[in-house]
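Just so it is clear, A, B, C and D label the chains in written order, and each chain counts residues from 1 on its own.
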Amino acid sequence: MASETGRIEAFSDGVFAIAITLLILEIKIPGINDGNLSTQLAKQWPSYLSFTISFAFIGILWINHHRLFTHIRRSDHPLLILNLLLLFGVCVVPFPTAVLAAHLGRSDQRAAAVLYNATYVFVALCFNLLWRYAESQKRRLLGPEATESAVERITRLYSLVPLVYVICLGLAFVSVRASLALNGVLACFFALPPKMTWRAKE
Amino acid sequence: MASETGRIEAFSDGVFAIAITLLILEIKIPGINDGNLSTQLAKQWPSYLSFTISFAFIGILWINHHRLFTHIRRSDHPLLILNLLLLFGVCVVPFPTAVLAAHLGRSDQRAAAVLYNATYVFVALCFNLLWRYAESQKRRLLGPEATESAVERITRLYSLVPLVYVICLGLAFVSVRASLALNGVLACFFALPPKMTWRAKE
Amino acid sequence: MASETGRIEAFSDGVFAIAITLLILEIKIPGINDGNLSTQLAKQWPSYLSFTISFAFIGILWINHHRLFTHIRRSDHPLLILNLLLLFGVCVVPFPTAVLAAHLGRSDQRAAAVLYNATYVFVALCFNLLWRYAESQKRRLLGPEATESAVERITRLYSLVPLVYVICLGLAFVSVRASLALNGVLACFFALPPKMTWRAKE
Amino acid sequence: MASETGRIEAFSDGVFAIAITLLILEIKIPGINDGNLSTQLAKQWPSYLSFTISFAFIGILWINHHRLFTHIRRSDHPLLILNLLLLFGVCVVPFPTAVLAAHLGRSDQRAAAVLYNATYVFVALCFNLLWRYAESQKRRLLGPEATESAVERITRLYSLVPLVYVICLGLAFVSVRASLALNGVLACFFALPPKMTWRAKE
């Protein structure tokens, strides 16, 4: 039987895949009259850095979306809307990424870093909202493999994520560098295997 | 058994996902010589507004497409063509969105708002056409869950949608602001849970 | 059982969906200093025309690809390569479309129309090749629903398609207008329901 | 039963399909004031060449990914991360392709060719890593059709691929032309039917 949530996952996969691939379009191609190519390429380090962090962010988001939907087995109208809200955030990511790439290392980098981290906070909040809704109402949207303790562990973890991105955002006002470093550390941390042995179908 | 309409849904999902994600590319990245970044970002409010309305429009369209195809279980040649016509409208959306973003708040905003709303009327008509065809001929393309009354409620609702977008279009000649406000209200309205308990597989 | 050709179809659907959606990016957004917006929009008719023909071409191609793969049920290495070759042609389409849009109605329009039609001939040949290979070798890649007569009708039709696009191409040297008109007529013709009652699963 | 790896394949298919289709966007459309159109189109041969090699590279990569996942039937967290790393490489490909297209035949072509080949080495290494991980630990992630000898043949072949791309990379320092020629030969070679009768479900 095709899963009830199959088409939501297919559409979401499409949006994630496109958003993650569009990021590369924001990196400028040095022209033939811009001077030495190697130098030009090297000078674009902010683009590579913001591309890499954004790629990791969307990639890890996809892994978590995939994971949630091994538990979420039924859908209703609010779930569709909350999922759209999350995808809204995902679609937006290439914009602050490009702004950060253009302004990192310049006098205006603070505003760019704030915009960047604010987007991440928004996405983390949407993710939280989606999961909270799915596990609410006696877990009627969850599948049978979602044990009480697994659900609680996910809920606890997901409550923390918006908080750490708020810290990132706050840090941007103090030091753009420290904020981006924390962003990178978070990406690496979330890429670690989940301790909470999230088994299900994944 | 893979649904007969599986590949239509997959292709449509792809087009919806790409059209909704491409919208972000139309938002300009302020350059490093354009003056204060925060000010530049704030000045782009028409881009954010038209991006948000277009995202909501395509997103809600996808939800409705998804819903229709829980009822439509068989396909034939005209259905493929009508679905393509709808996707034509969906693919076009990023263009009037970008035109509106570039001209909103300027002297030429009326022409942009008319183009924008005309696209919406076209898409709403295509949607209507697709459903009318699917439920015609003794509902031979619909699945068994599509009860008489459910089909009638959908038909009634979908007949109204092009009308309200025609009103939006007309309003653009009177007041661009009022037209866009109505557009936003409509997006919120269609995001509400459907009263007509559209159950089926969704 | 997931069809053996499921992932080929999924990947192809993705490429078709993206190529058809990218077409819109080639239409320029009139700037705020380009003069009256309505006039500017009207002047872009070559872009709308080439967008529409290309959309119809890729859309109809997708319908036919979908149809072939209701017959093709097994895959091997050469089929994958031939399918890639076809997708190469599909991916290329946005380029001649944009060239035609930029040069239609100008002194250089002949070269643009020739490039455009040459791409169509190439795609039609690839399509032919894919089908010929699939139905060769005692139809070992086809499913049981592919009757002798259905296969022959498809083969006959597909042999004609490259020929008519070669005529389109030749016509471009005589009259660009006539060539595009024939292109439009062909798109409409292929959009008609197939007489050859191609039933299968579709 | 939907395969455990179904959604990984769907997401990867999306990324492959988008990366391969975005390549065309890097080819410039000659403007109406750039002189004779045919000449302009002909002068862009480096774009066509790098587009074609990149298309072949990503296409063949997809075929191999498809093939691996006929063997890989179970997934865990590290596999998801390694697959993301591979997709990172795939997403990056349009950038060095565009750089090469802009600089091939110019004084700076060496730097462009080095970047291009370095990307290929990276992707080949990721591919190797993904497979090594999947077949390690008593092949716990592989399906039952993956025989000992099939696995060994794949492992042996995949160990060679990064090496040949390292040779390509080294050659770029000696002769850009020879390096690209070898690149083309490799693409043709990998497009040949695999001798190792890789049957499985494909």
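Everything that follows uses one rule, which is that contacts are C-beta pairs under 8 Å (C-beta built on N, C-alpha and C of every residue); 3 or more make two chains touch, one makes a residue touch a chain.
This one's a predicted model, so the numbers in the text were calculated from it and none came from an experiment.
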Equivalent interface positions on chain C and chain D, same or different at half: different
Superposition of chain B upon chain C: rotation angle, C-alpha, nearest 5 degrees: 90
Length of the line joining the C-alpha centres of chain C and chain D, rounded to whole Å: 25
Whole-Å separation of chain centres (CA-atom averages), chain A against chain C: 36
Multi-partner residues of chain C (each touching 2 or more other chains): 2, 10, 14, 17-18, 22, 25
Of chain C, residues touching chain D in the complex: 2, 4, 7-8, 10-11, 14-15, 17-19, 22, 25-26, 75-78, 80-81, 84, 87-88, 91-92, 94-95, 98-99, 102-103, 106, 108, 111-112, 115
Residue ranges of chain B in contact with chain A within the complex: 2-3, 9-10, 13-14, 16-18, 20-25, 27, 29-32, 36-38, 41, 52, 55, 59, 62-63, 66, 69, 191, 193-194, 201-202
